[in-house]
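Multiple structures follow.
Two complexes come next, and they have one chain in common, chain A, joined by chain B in the first and chain C in the second.
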Partner chain A sequence: MIIIAERINGMFTNVKQAIADKDKKVIQELARKQTEAGATYLDVNVGTAAADQAGTMQWLVETIQETCATPLSLDSQKPDVIAAGLKVINAENGVILNSTPLNKKTDEEIFDKYMEMADQAGPKACIITLTMDKNGVPQDVDTRVAIAADIISKAMEKGFDSQRLFVDPIILPVKVPNAQVQPGNILSAMDQIRYLSEPAPHMTIGLSNLSQGATERSLINRVFLAMGISRGLDSAIVDVLDEKLMNVLATAEMLMNKQIYSDSFLKVYASMNE
Partner chain B sequence: MPVPEIAESFTGSVNRVTLGATKDGGGTRTSIVTVGGARNMVYGGSPNDAGEKPVIAMDVLDARPDDWPDALLEPYKDVLDSPGDWAKKCVEEYGAELICLKFEAIHPDKGDKDATHAVKVTEEVLKAVGVPLVLWSCGFDEKDNQVMPKVSGAAKGENCLIGTVTEDNYKSLTAIALADGHFLITEAPLDINIAKQVNILASDMGFPLERIVTFQSTGALGYGIEYAYSIQERQRQAALTGDKMMAMPAICDVGYESWRAKEAKLADAPGWGDAADRGPMWEAATAVCLLQAGVDIIRMRHPRAVAAVKGFIDQVCQKNNS
Partner chain C sequence: MIIIAERINGMFTNVKQAIADKDKKVIQELARKQTEAGATYLDVNVGTAAADQAGTMQWLVETIQETCATPLSLDSQKPDVIAAGLKVINAENGVILNSTPLNKKTDEEIFDKYMEMADQAGPKACIITLTMDKNGVPQDVDTRVAIAADIISKAMEKGFDSQRLFVDPIILPVKVPNAQVQPGNILSAMDQIRYLSEPAPHMTIGLSNLSQGATERSLINRVFLAMGISRGLDSAIVDVLDEKLMNVLATAEMLMNKQIYSDSFLKVYASMNE
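And then the complex of A and B:
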């Protein structure tokens, strides 16, 4: 499982405060803890913490890379914020550009821009592309799959390796009126998306979004994670510091025969992703 | 019809392990051996992904064997009482790249020799040959725990491959192998789950995963080779997909297992062809089969089988440049 750790995000109060105070320790501590907990990538999201998003992205990237070699996932819908992060990053071990829709009204070519930036960032640079286009986030299964197909064919046209592409079918909060059908829709979409290319494209979701505002957040997250893994989900943006969630992740992967069982399978999982 | 491109690329690889320490490395070996490093399935992908060539470790016993068939005794008849001379013959005449010193006679049922004997034999073989050594216990836990730590100490600094440790008996040998700077063989009974667990247990004791070689147990041709084959294959797949607990090179025991087969050892079987040919052929066929599953070190016994398998390796495996 490609695990993208979500905690370095300006939406969290302590990160927001650290950005405001330019307090490196908080950020570096989060980087270390999330790495130890099994993060493959550390997501870096400026959030709403600062007016100067590009500058803040650079500061976060530099701060993390002073003490931590875990590859980063630069999280912004704005190409210039991603570009700013890429300017200062060491992407030797990889980087994810997170994320772009297929296209949008104000920028038809946004996915192309991300692919160009990824190519410039190095051979291991990946992109998360949302199954979303200029009409917004689709509510039904078929439109999600159709957009995923467009994403994959566009990447192929540009010669962008499908193994560097993550399709994100966009999980919405379950606690929204009439949204309860969405988790099921996403699973159905995944069932089809995984057959769109050979080998299958990576699929990822921003898991915590599912339980936004709900009670029993961790439980909701981890149950859906197990369901997703059973449908071919091979990556997720998660709270790696949630130990119960990480245990479910390890167990679901083992049950899907992605990892060889051993009596210490839980204990060993985090160390395998180092 | 065009042949489709099916080359797969993987993210992981088999660990590279270099056995033996020369004078520069603090030992007395005159040669070293590197195995592992594969980045694809056997014969999969480009030759550059094949890693190091597999090697043969020729068996030397710590005392004259009492149950070997004549066909196997014959080449060694002058050296059976001298492990040093025996090892020398394997290296100088048969081209052994490694010697596997098997401590058979320390087993309570097979001589019950003590640690003094084992240390003496170890020193004798170290002196007689310059190739790296594999030091292999008798399999009787209590006795192994008494003797093998002494053997380890006698070869300290030589970067030997020492084993075996199992799920039920790993602590003492793992600790001493770590202290003496050796490489460790983890053993499992043809069970991939236990294989992984033993590696985890050794790793929990602080033994570096990069210094482990796995022994999954071996079945000879006609005697369960398919189980060994599929486990070796599974181990390689796990290594290639990034499972660090399964990314070790593998050793198998072809010599002992092949010569247990009645097809190899039975002298009086006119319909089966000449006994002098049958055994070496059985051993060579078993070895070649397991090489294709992804084995890095093969323990072997008969010089003719060794010659045949070396020939196979030279023809098929191209040395990579990385």
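And then the complex of A and C:
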């Protein structure tokens, strides 16, 4: 499982404050803790508070790189902010451009630009592509799959390896009225997306978004993560510090035969990711 | 979700002892507690220790019926033991014959006999049918589905409603060598079995069997239950007294849009089943 750790995000109070104070310690501790907890990538999101988003992204990237070599996922809806991060990044071990913009303009031109940015960053640079188009986030299964197919076909045309794509079918909060059919739709979309190319594109979700505003957040996240992994979900943006979630992740991988059962399978999984 | 509570089973030490001592209190308390915890049916299994299995089944049925009206699932691999239970049961609210024998002889003749027994017990009497045949438990997806299709077609021929069938794809312990591909196979089989008839047959599993002999039993059961519910699993034989498991069940049902989200969805689900 490719685990993208979500905690370095300006939406969290302590990160927002650290950004305002230019307090490296808070950021570096989060980077270390999340790496130890099993993060494959550290997501970096400046949030909305910082006036200079591009500069803040660069400060965060440099601050994290001073303390650990875990690859980063540069998280912004603004291509310029991602581009700023890429200028100062060490992308030798990889980087994720997270994600194609959520502004009803993920048309060909913008996706082409993202593929160019990724190619410039290096051969391991990946892109999270949202299954949305000019009409917004689709509500049904078929449109999600059709957009994913379109993304993969455009990537193939440009010679951009499908293994460098993380298709994100966009999970909405289950608490939003009329959104309750969405978790099932997303699972059905996953069933199809994983067969769109060979090898399959990666699939990822911003898991915590599902439980936004809900009670029992960790429980809701855990249950859906198990369901998703059984459909071929091989990546997720998660709270890697949620130990119960990480145990569910390890158990789901074991049950889907991605990890061998042993009596200490939870510990084995944890140590594999250190 | 049709929840079949597993605890009244002679394989558990306290039940075995209660059977030996003809101690009604232990059995009746388990019946009450499991009903309060959300059991739709109470499974009744005499275990292997009792010399007179048919008589023990009758004593258990009568003992439980003295204290509560929750319908029962008569659990035995011996048709005669189930038949004995049926003689003394009040099947007005339903009963499950659990299950077609696990003795490599679930051929037409035996299944016919089970349908007759169920019809004699009343219009609400159901049968758990295992997806196995004379060759034993199939290891692959296709044979499981083919056997399920055969079961449903035989039921249709006899005018036995598919809604009175619970197809059990037989889950094996994940700890058994070479069995680790099975959970994935069973989920894939479920994807197909649910489309074999309209309305779909019920699907059930003996969930605890999955974690037999393993560490982290409840965690393994919880994760697989979530996966199963996302594939249309609408029944399971479970430890209904495992509160964490029941919370996962309620959450999975909510995420699959079988229950509306509210901030107190866990409590709402629990009270619905009282």
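By our rule, the second predicted complex is superposed on the first by the 265 of 274 C-alpha atoms of A that agree within 3 Å, B and C clash if a C-alpha of one lies under 4 Å from a C-alpha of the other, contacts with A are read in each partner's own complex, and residues count from 1 in each chain.
Just so it is clear, a contact is a pair of C-beta atoms (placed from the backbone, for glycine too) under 8 Å apart; a residue touches a chain by one contact, two chains touch by 3 or more.
Note that this is a predicted model, so its numbers are computed, not measured.
In the superposed model, A:260 makes contact with both chain B and chain C. Once the two complexes are overlaid on the shared chain, A:175 sits against chain C while remaining clear of chain B.
Contacts of A:72 after superposition on the shared chain: neither chain B nor chain C is touched. In the overlay built on the shared chain, the residue A:205 is in contact with neither chain B nor chain C.
Of the two partner chains placed by superposition, only chain C is touched by A:248; chain B is not.
Between chain B and chain C, C contacts the larger number of chain A residues.
Shared-chain residue A:145: touches no atom of chain B or chain C. With both structures placed on the common chain, the touch criterion links A:165 to neither chain B nor chain C. Shared contact residues of chain A with chain B and chain C: 260-261, 263-264. Contacts from chain B toward chain A in the complex involve residues 192-194, 196-197, 200-201, 204, 234, 238, 242-246.
Of all residues in chain C, only 174-175, 180-181, 183-184, 187, 214-216, 219-220, 222-224, 226-227, 229-231, 247-248, 251-252, 254-257, 260-261, 263-266 touch chain A in the complex they form. By the touch criterion given at the top, residues 259-264, 267-268, 271-272, 274 of chain A touch chain B in their complex.
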